[in-house]
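Next, two complexes with chain A in common: one pairs it with chain B, the other with chain C.
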Partner chain A sequence: MDFLTTNAPILIVAIPLVAAFIIPLLGQKGDGVRNGFTLTIFGLTSFLVAVLAVNVHDVGIRIYAFGAAAADLAVPQGFIVPVRIIFEVDAMSMFMGIIVTTVTLAALIYSLHFLKGQTGQARFYSLMMLLYVGMMGLAFTGDMFNLFVFLEIASISGAALAAYRTNLADAVEGGFKYIVISAISALLVLFAIGILYSEYNVLSIAAIAHFIQYTHLDMIALGLLGAAFAMKLAGVPLHMWAPDTYTVAPAGSTPMILAASYMSMYALYRVTFTIYGGFIDTGAIGWAVIIVGLLSMFVGVMMAVHQTDIKRMMAYHAISQGGYMLLGLGVGLAVIANPAALEAYGRDAMNGGIFHIINHVFYKALLFMAAEAIFFRIGTRDTNKMGGLARNMKWTTGFYIIGALAIAGIPPFNGFASKLLIYESVLKFNPILAIVAMFVSLVTLASFAKVFYSAFTGPPMPAHKEVKEVPKSMIVGMSILAVLIIFFGLFPGLIVDTIVAPATNALISHASYINAVMGAVP
Partner chain B sequence: MQSVPANFPFLASALLIGIAFYIILFKRNLIKLIMGIAMLASGVNLFIVALGYRAGGNAPIYTNVPPGPMVLSVPQALTLTSIVINVAVLALMLTMVIHIYRHTGDVDSEKSRKLKG
Partner chain C sequence: MPILSYGYAVWAPIVWIVALVVIGIMVFIWRSRGQKGYKKETAQADVFLSGAKVPPAEERHVKADNIYWGFFESLKGLYSWMMKPHTGIVNDYLLWFVVVAAIAILIFLLAGL
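Right, the complex of A and B next:
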């Protein structure tokens, strides 16, 4: 067990990485062998994630230094800066790790039947594992350069997954937009890393945060990093790729690409809170995040209302919900230098923003899967061509209702818990922001109700009279998420205390992140 | 080394990045767009590799090393990694453009648009 807990950070990334290249080979032996192998490997990885999560919860920040005499020896004897590649896992990294692992598990099970009989399945699973590696690496990495490397791994595999159905012209187009945006943003990140390296001669996030002087060059680097990550997380006005890519990506991979965009949000928080968290005037940075959040919320929902493509509508809602997270964290960042305001509402706002990430990924993944289940059966995403599907697709209808109520913030589903936290705390910060947030939530409910009526109720369309429920593995994949949504909605206090609040603390107390690596400095 | 000003490589990389952004924003041909991204990558790589230059330093190769300080090889290692990654990105982008061309018969970004709104 000791061996497992010590080496879990590297094993979680290494095992799926190796498996990604074995999967195509096993594909030659038959579909059953390959699917069994993929599920076994991923089950093992999920177990390691659970072990590491418990460990991080108990002992705090975990360090893994590559090739060091001891895994937690970040700064070797005789050096004053870390010279090795380091994985640094704190509560926030682990929180994102849990989200990514759960969504990947559900997507993997969902895909078993979804892909049945299609060509290129081995490559699909292989890319899925690579996307998982990219996301987990992004969560765990302790140095800026590997942040770039894992960002690129996630981008390349995500774009290839989005364009998986190359027989459809729109799929390739959506994938192409994603890779162009990803390539540009990753190069901006690399440029900013170069600027930071030129000033401080270190790449470790903790060491940069330790030495940073907040010069003008640092502000340019922050601007580049902020723009790059805002582009990747689909914040308005840099959101144009998201509706296209989410719409065309096959169901199993849409939730994972969604999770990948929240990994960019995590990277944004890591940079703003950990590296620039000690800056005297974080108010301006916080307000910049809040404004992007407000724009995303409002523009996203307004664009969603009139969509007739069901996945496109959900994609615009994903942009809009991303705004809530930015709003909550932005409020926290704006008041981080003011302890009284931080205790009064800043911490709650951040709890809400972080809690909303996990809630949103779960219900939006469920909604995307339900939409793709309809596409799987009737071959169209146009809501005007659907009708009366509730008669024959009872499970899918049920999952859609759960997801729609959760996204609209109706109790007892999880969206309500996190949105309430955001409303209450943001109201104390600035009432106008809270009013906009509530208004957006109402429009969200209206737009999902509209789609529900046109797709699921009423008389069945003549073309879809014989439509059947989707196969079992797809239902199992969706029910994992549905159960979690209801569980999170019923016991929000438990979830906030065990995983959300530690993540918030990890972001606020950037000194502990620095000391975990630089602590041994004489 | 007096003939070349010390910050000449940085000016060159700024010029490359500027031209690359012009191409990415204003050119409609998808192949040109990819060329723009390749130029952006070259500009960033040049910037990082120029950071690693130290006047009078030796290459960090330990056989037959002349006396004097060695340069730290981190920027070179970063640039190599970044070049390899960018080859993968460009290859994937070109593959997708071939698929787009097969579907629409055009590589003009305005004419090959299926997704709108």
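Right, the complex of A and C next:
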């Protein structure tokens, strides 16, 4: 068990990475062998994630130095800075790891029947594993260069997954747009890393945070990183690629591409809180994040309610919900230098923002899967051509209702708990922001009611009278997420205390992250 | 821990669910005491539209395009302004990216002064 605990950070990334290259070979032996292998490998990886999560919860930050005499030897004897590649796993990294692993598991199970009979399945599962590797690597990496590397792995595999259905022209276009914006963003990230490296001669995030002087060059690097991550996380006005890509990606991969966007949000948090967290004027950075959040909430929801393509509508909602997360974290960042305000409402705002990430990924993944279940059966995403589907697709309707109520923030579902934290705390910071957030929730409910009415209620359309419920594996995939949504809604205190508050603390106390690597350095 | 504390109040979902279940049972009992003479498959259940001929059920269903028509009509100006940047052209997306990056750099440079 000690071996597993010690080496879990690297095994979680290495096992699916190796599996990604074995899957196409096993595909030659048959679908059953390949699917069985993929599920077994991912089950093992999920177990390792659970082991590491418990370990991080119990002992705090975990370091894994590649090739060192001891796994936790970040700075070798005789050196004053880390020279090896390091994984640094704190509560925030682990929080993102749990999200990514859960969504991938549900997506894998869902895809088993969803892809049945289609060509290129080996590539699909292989790319899924690579996307998982990219996201977990992003969460765990302790140095800026590997942050870029894992960002690239996630982007390339994400774009290939988005363009998986090459027989659909819009799928190829969606994948193309995703790779273009990802490549340009990654170039700016690399440029910013170059600036930081040229100044401080280190790549370790902790070491950069330790030595940073907040020079003009550092501020330019922050601007580049901020814009690049805002593009990847689809913050308004850099959101336009998201509906084009999310809409066309196959159901199993859409939640994962969504999770990949939130990994960029994680990268933004890591940079702003950990590297620039000691900067005297975090207020300006906080307000910049709040403004992007507000714009995302408002523009996202107003565009969503106007859509008639069910997945495009959900894609715009993903942009809108991302705004809530940015709002919560922005408020925390704006008051991080003011201990009284931080304790009065800043910490709760951050808890709300972080809690909303996991809630949103779960219910949006469920909604995307429900939408794709409809597409799977009737072959269209146009809600104008739907009607009465609830009569024959009872499970899908139930999952849609759960997801819709959760995203609209209706109690007792999980979305309510995180939105409540955001409303209450943001109200104390600036009441206008809270009013906008509540208005956005109202329009969200209206847009999901519109789709529910037009797609699920009423008489069945003549063309869809004989439509059947989706196969069992798709129902199981959606059930995992539905159960989690209800559980998180019923026990919000447990979730906040166990995984959300530690993640918030990890972001706020950036000194702990630095000391875990640089502790021995004078 | 089903209770979520947030500053000056708490949210206890299970208490609310129990309360809703109790209210639901009360409503159900009240409803079951109502009129029992309703006959499902008779003219009693037919739609009455001022005596006009009622179209078949499939044609009566309101399409997504028509839902919230008044809302979109009254916000036409806002929507035409909001739709304009959504061109679907990746070159335009990158132009926005350049503009935002420049503004972000400017803001952070000013903050750092």
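A few comments on the model shown:
Going forward, the second predicted complex is superposed on the first by the 521 of 522 C-alpha atoms of A that agree within 3 Å, B and C clash if a C-alpha of one lies under 4 Å from a C-alpha of the other, contacts with A are read in each partner's own complex, and residues count from 1 in each chain.
The rule we apply is simple: a residue touches a chain if its C-beta (ideal position, glycine included) is under 8 Å from a C-beta of that chain, and two chains touch if they have at least 3 such contacts.
Just so you know, these numbers come straight off a predicted model, no measurement behind them.
Ranked by how many residues of chain A each touches, chain B and chain C are led by C. Legend: residue contacts after superposition of the two complexes on their common chain; A:K450 is shown touching chain C, with no touch to chain B. Looking at the shared chain after the overlay, A:M240 reaches chain C, while chain B stays out of its contact range. By the touch criterion defined above, A:G175 lies against chain B but remains apart from chain C after alignment on the C-alpha atoms of chain A. Applying the stated contact rule after C-alpha superposition, one finds that A:A19 touches neither chain B nor chain C.
When the shared chain is aligned, no partner comes close enough to touch A:I374: not chain B, not chain C. Look at A:I514: by the touch rule set out above, it reaches neither chain B nor chain C. When the shared chain is aligned, chain B comes close enough to touch A:A160, but chain C does not. Legend: residue contacts after superposition of the two complexes on their common chain; A:M393 is shown touching neither chain B nor chain C.
When the shared chain is aligned, chain B and chain C each come close enough to touch A:I184.
Overlaid on A, the two complexes show chain B and chain C touching the same residues of chain A, namely 176, 180, 184, 244, 303. By the touch criterion given at the top, residues 176-177, 180-181, 184-185, 188, 214-216, 218-220, 222-224, 226-228, 230-231, 237-238, 240-241, 244, 279, 281, 284-285, 288, 299, 302-303, 305-306, 308, 344-345, 348, 351-352, 383-384, 386-388, 411-412, 416-417, 420-421, 424-425, 428, 446, 450-451, 453-455, 458-462, 489-494, 496-497 of chain A touch chain C in their complex. Contact residues of chain C toward chain A in the complex are 1-7, 9, 11, 13-14, 16-17, 57-58, 60-65, 67-68, 71-72, 75, 78-79, 82, 85-88, 90, 92-94, 96-97, 100-101, 104-112. Those residues of chain A lying in contact with chain B across their complex are 145, 148-149, 152, 155-156, 159-160, 163, 166, 169-170, 172-176, 179-180, 182-184, 186-187, 190-191, 194, 197-198, 201, 203, 243-244, 247-248, 303, 307, 312.
Listed in rising order, the residues of chain B touching chain A in the complex are 17, 24, 30, 33, 37, 40-41, 44, 47-48, 51, 72, 74-75, 78, 81-82, 85-86, 88-89, 92-93, 96-97, 99-100, 103-104, 112-115, 117.
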